[in-house]
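Okay, so chain A shows up in both of these, paired with chain B first and chain C after.
Now for the complex of A and B:
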């Protein structure tokens, strides 16, 4: 059903970006996002295990922050628009409630016209 | 926790009227497809909401039944229908998958001495909350009376995960797992000499196969496999037997590929799921598997598949 490689993350941006473009950023991370409300096949409760914070930085400064609860699907996708006004790294860090932080970056570079 | 409840409820695969509590349904109508090969017709024109189809093959050494109907009572009616054709003992029951509406009558055949052939993967979305919840949900659908004598009987005596040929009384039935298309434990039954296919819920009369526990990619592969058999007759899991099986397969494929490309382009454009589905009619709230509900549920499913594929995490395909 899901990718089982915990924390594997992808960020996708358009192949060709020009300065000033409003671009779509797609991201996904592989995570079980267990709510804590379910039991496993043996009947034992599955403890809550979910991403609680996503921080997006662009060229070194924070541009977005998502504070999540367990009410988000497994392998959560975040899609947002970004004004591409500078070249630099777009970095996302997903932190879960066990304290693990997963990081992924893409370079935002402008196509020569 | 409303959401898991909705998941459990919406994954039921039939609803009330003709199968409801206190309403006596007529025994299934038999259609003879070839010498000794019969389809037991469930409801027609109600899509997945109707009573399912089943079938059976009569040989000189016993009967092979394909699918067990939705309750012990329905199964008993099927046994009566079989008895109207042959006194041969029922040797085998093949289950095309593990959804309640196709196997909840299995115990009746087991008690008559039949062995069960099924895929060993019995996991279905509807059983996520446990077997008791699955039964309780199903009692609400078919009524307590129809469930009298119920026990689970879908653990296979003869598990099939690839392809298996059942030989009985000079007949051959080729049983194959086409991949997790409609559900994890899908099987189809092919009679090579008669060119008759029992497709289970890979096919539904209206061409809107549900991707309940499977995936659109595997369904497309399953449809290709059905095409390559060139069946002269294909019995869908629900509804009328198509005059031309290839047309129903093509219609199903067009529906699925159309949905995939619509969802794919929505994702590429950053369109959220809700808006990507805006053109579909609303789901019927109390009818989880009506045509409109099925179309929306499939759209959700395919949107999520395409999202993963677009992001390169496409293990589900």
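Now for the complex of A and C:
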């Protein structure tokens, strides 16, 4: 899934959010997450290539930081909770072991009742 | 939404019993056990020096008590490349007392300390899910650290039929 667009990422939050809701944030990014233990068709080793850090900010403040190894599956997904107590951007930045950073944001806005 | 295998009270009683049993038990300890005298006798055995080192680094000598952590994984993983994991806890997530980190350890993986999730009270509660690779049948450990310095653990044994690590 999404395997041909390295670093393409999606974040999904509920459609209608009200202030104070505890919401689930779903995310996925396209990345091979190569362990370095496999070889290609020619028998050459495939070097380790994986997302090693994910930083989550909400309204400009860091709320979570995930340190990963190549033990996370290909095209990493992660779902976590968030207390929606302010309107603002929820941003995730995934950084791989070659130094590339991939960023995705979603706006957290409150539904008018 | 929180699926705990046992109530906090029961987990607490169990950890007390484990601690008492640990005090009574004596005799020569293996090297790995010496490194990890902090865990209880009912906990999965520490299989090697690497896992002992990882647990010691996380706990910093504090006891690793079983309880408050729900580590939801399949009993059988047919494809070791994609094994779902859900980690939840009933511990508070308030500014005064919160879960500041969760460590995921897969005993027999090449890189056993698979992930660390650093958290803040802004998350409101702890419910984290992802998908991991597993090389073979082994115990998986979720070790949780609170801001007040407590260390809690949940364990899950997963049967792996297809190696996901190469």
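Before moving on, here are some points about what is shown:
Throughout what follows, the second predicted complex is superposed on the first by the 111 of 113 C-alpha atoms of A that agree within 3 Å, B and C clash if a C-alpha of one lies under 4 Å from a C-alpha of the other, contacts with A are read in each partner's own complex, and residues count from 1 in each chain.
Methods note: contacts are C-beta pairs under 8 Å (C-beta built on N, C-alpha and C of every residue); 3 or more make two chains touch, one makes a residue touch a chain.
For clarity, every value in this text was computed on a predicted model and none was experimentally measured.
In the superposed model, A:8 lies in contact with chain B only, and not with chain C. Judged by the touch definition given at the top, the superposed model places A:37 against both chain B and chain C. Measured by the number of chain A residues touched, the leading partner among chain B and chain C is C.
Residue contacts after overlaying the shared chain place A:28 against chain B, while chain C stays out of touching range.
In the superposed pair of complexes, A:87 makes contact with neither chain B nor chain C.
By the document's definition of touching, both partners, chain B and chain C, reach A:79. With both structures placed on the common chain, the touch criterion links A:68 to chain C but leaves chain B unconnected.
Shared contact residues of chain A with chain B and chain C: 24, 35, 37-38, 77, 79, 81. By the touch rule above, chain A contacts chain C in their complex via residues 22, 24, 35, 37-38, 58, 61-74, 76-83, 85.
In the complex of the two chains, the chain B residues touching chain A come out as 1, 4, 128, 130, 267, 269-270, 272, 307-308, 310-313, 315-316. Chain A makes touch with chain B in their complex at residues 1-4, 8, 10, 12, 24, 26-28, 30, 35, 37-39, 75, 77, 79, 81. Taken in their complex, chain C has these residues touching chain A: 81-83, 106, 109-111, 113-133, 164-166.
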